[in-house]
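Structure first, then comments.
Order as written gives the chain letters A, B, C, D, E and F; numbering starts at 1 within each chain.
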Amino acid sequence: MKDVGMKPETLRSATATATFHAPTHCIERIRDRDTEKGDPQATARIAGILAAKRTDELLPLCHPLPIHAAEVHFAFEEQRVVIEAEVHTIGPTGVEMEALTAASMAALTLYDMLKPYAEPAELAIGETRLLDKTGGKSHYKRTLK
Amino acid sequence: MKDVGMKPETLRSATATATFHAPTHCIERIRDRDTEKGDPQATARIAGILAAKRTDELLPLCHPLPIHAAEVHFAFEEQRVVIEAEVHTIGPTGVEMEALTAASMAALTLYDMLKPYAEPAELAIGETRLLDKTGGKSHYKRTLK
Amino acid sequence: MKDVGMKPETLRSATATATFHAPTHCIERIRDRDTEKGDPQATARIAGILAAKRTDELLPLCHPLPIHAAEVHFAFEEQRVVIEAEVHTIGPTGVEMEALTAASMAALTLYDMLKPYAEPAELAIGETRLLDKTGGKSHYKRTLK
Amino acid sequence: MKDVGMKPETLRSATATATFHAPTHCIERIRDRDTEKGDPQATARIAGILAAKRTDELLPLCHPLPIHAAEVHFAFEEQRVVIEAEVHTIGPTGVEMEALTAASMAALTLYDMLKPYAEPAELAIGETRLLDKTGGKSHYKRTLK
Amino acid sequence: MKDVGMKPETLRSATATATFHAPTHCIERIRDRDTEKGDPQATARIAGILAAKRTDELLPLCHPLPIHAAEVHFAFEEQRVVIEAEVHTIGPTGVEMEALTAASMAALTLYDMLKPYAEPAELAIGETRLLDKTGGKSHYKRTLK
Amino acid sequence: MKDVGMKPETLRSATATATFHAPTHCIERIRDRDTEKGDPQATARIAGILAAKRTDELLPLCHPLPIHAAEVHFAFEEQRVVIEAEVHTIGPTGVEMEALTAASMAALTLYDMLKPYAEPAELAIGETRLLDKTGGKSHYKRTLK
């Protein structure tokens, strides 16, 4: 695990997105908060927030960080839900992986809760990526060779 | 959490896939097991296996299951790694979510370890989906209305 | 930790209750699922279900059990919420502690989410107790000396 | 999860109480540290301290905090044990929930260890509430509308 | 993680030992259950039992098993404590690693609690090994090439 | 749990060692990263790093600390592997227990992965001790009475 002890503690934030693809009747159930397992939005939000706080247990080389804020939002399209997870800290390293982990786990929770209503071939988690981050050296363009 | 107590305990397996997209020089580092944080294949494999065993803690409405086997494999293409995770149990409910969680966490671990070598815009986790499952009622086509 | 290996694996269930006491305007917020931290009912339900599955980590001398079902319900009175948690397993020992832990953690989650709206002196978790259990030797009256 | 990043890091403490109700012969066993599962005082103390450190995993919207001290004490009355849990941190938000969680888990541990000696109807966890907190904005009376 | 699904579920037990070496005055404190951090015997016992139940989280390629019994005992010599940990299960694979992990974590807990009373050079955890196991194919001598 | 709130936050590091004893053909398998369960070096390294980050969950009276670096190294001798674990933090208390826990869990992971290739009597974890620590009051010789 890299040594971050010499890096400055700065305010850092990251926003990541993931998408959950499912048939229209499944997306409606998410929007209506109506599945046999309960409210999929509220459950996926909590799963994402809990995962953000445990990222250093899940990704072996991530550092434990004092998570100051974590939130998960959902936007609905006809055959997919766009998940956005935002995480804040004041620490020596960024929270990109925390935001990505929160978005992924929220998407997997939606999958788990909608699974009884669709065939496996109809469900997928689409692209998961970082949307934005601030703080640390991330403001500066890194030159890759 | 749905009651699975009346469901038969049968041998069940599931295979899921996720993809990690990165520039060619990153994919080479994964193939060569060479990053400043260590061997990305070995680390992502362990992260995936550990996540499979903790799926019921991560996805709130999943049941704890006696995981009998969990494995993660990698296939390399020019600008992506295809991850395949396979999980086995003998239990009253299937291991689809365990396989999907293992594939997702392995992909996130690759992301974390290659992050120092690329810009955020160059990295993404692509489609995560179930490839196959056996056991339980999954052999039968379910009719959706 | 007592040896339960010689006990028969039977279908077992337990129901426990806890109460959360708060001013009327707080109870209304719970009923209306409206706090600045999100939906308190959905969040407390998930916290209770997750805690039921982790009881053997939280209570040092409890055995790990394959939780087959866990659910949390809320009933509203003017100045309190009555929480009921029900847990099922097929195992060599009962799930009383799992049900009690689920009810307690659901109550603590309500406390946490309503805390911004009341003074500490106005909030309390009232009686937490077992309502019912079935399975194992629990059908028989034990003679205490 | 609310953003606490803009709140000052101050020395904060909280003390919470819970009670465990049981027949006199059970209270004696706790006082004498004599049950078939081991010393109930030492075990409940450890369960409470461990729970204080994991509060942010158990209560979904609590922040991780650097716990600087956590202790659990017991006072004995004829048919109940009064548990007091005290937690300290230097952080951007208070440790009320950590103290309440520690007191609750200590009470549940006593319940688990005395359960073999009593009928369910004879055992209960009584009122759990905050006794005191210092630090942050807690010194000031908040006006509720 | 190897597939144990085809292995028979049998009653299995394992006993492991570890030793904690410290100056005589430290061994006396353990025997007298008297340190500034509390009772070292009771605390190390609980740490060992909890670790036995979480072995599959700590050792990446261990299988989750239904631990039916776990116990930790201490024997005192002049400058060391001999720890013995015993674990039982009915499962498809043995509990050697669970017993070894319990003994190790109990030893580390003693170290942590006696650390304020000795110099680092005076403290060590001595040999940790398996004493005995039963069940599965362990009764048969395996031929090594 | 002792109160460390009044102790200064300083840069602290600790290095601990453990040894894994096994027949020569097992040591060769570790060096060659070749066992049926995968690469033992990479797996034991990850197990050690993860354990360092969870020390406060495993050792009941340890404080949670922001681990800034954790690394595990292996040196090979004919019939043993010498494991060295190094941990860094900036915190109010030291990371000796984190380094010792990392070394122990790495050793146990090697044991688990080589177990299929040897008899129990041929395997042991040898001396686990602190090699070095810096920061806090550790620079000063403590007088023991």
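Here is the rule we use: a residue touches a chain if its C-beta (ideal position, glycine included) is under 8 Å from a C-beta of that chain, and two chains touch if they have at least 3 such contacts.
The structure displayed is predicted, hence computed values, not measured ones.
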Other chains in touch with both chain A and chain F: B, D
Pair exhibiting more inter-chain C-beta contacts, B-E or D-E: B-E
Longest centre-to-centre distance from chain B, chain (CA-based): D
Fraction-based call for chain F against chain B, same above half, different below: same
Rounded Å distance, chain D centre to chain F centre (Cα mean): 32
Whole-Å gap separating chain E and chain F, where each centre is the average of the chain's CA atoms: 16
Distance from chain C to chain A - Cα centre to Cα centre, in angstrom: 28
Touching two or more other chains - residues of chain D: 1-2, 38, 43, 46-47, 50, 60-61, 64, 66
Overall pattern in which the protein chains touch one another (line/ring/star/complete/other): other
Pairs of chains satisfying the touch condition: A-B, A-C, A-D, A-F, B-C, B-E, B-F, C-D, C-E, D-E, D-F, E-F
Complex contact set, residues of chain A against chain B: 1-2, 18, 23, 25, 36-38, 43, 46-47, 50-51, 58-62, 96-97, 100-101, 104-105, 107-109, 111-113, 115, 117-120, 123-130, 133, 142, 144
Of chain F, residues touching chain D in the complex: 1-5, 56-57, 60-61, 63-66, 91-92
Residue ranges of chain D in contact with chain F within the complex: 11, 46, 49-50, 53-54, 64, 66-71, 88-90
Chain B - residues contacting chain F, complex: 38-39, 42-43, 45-47, 50
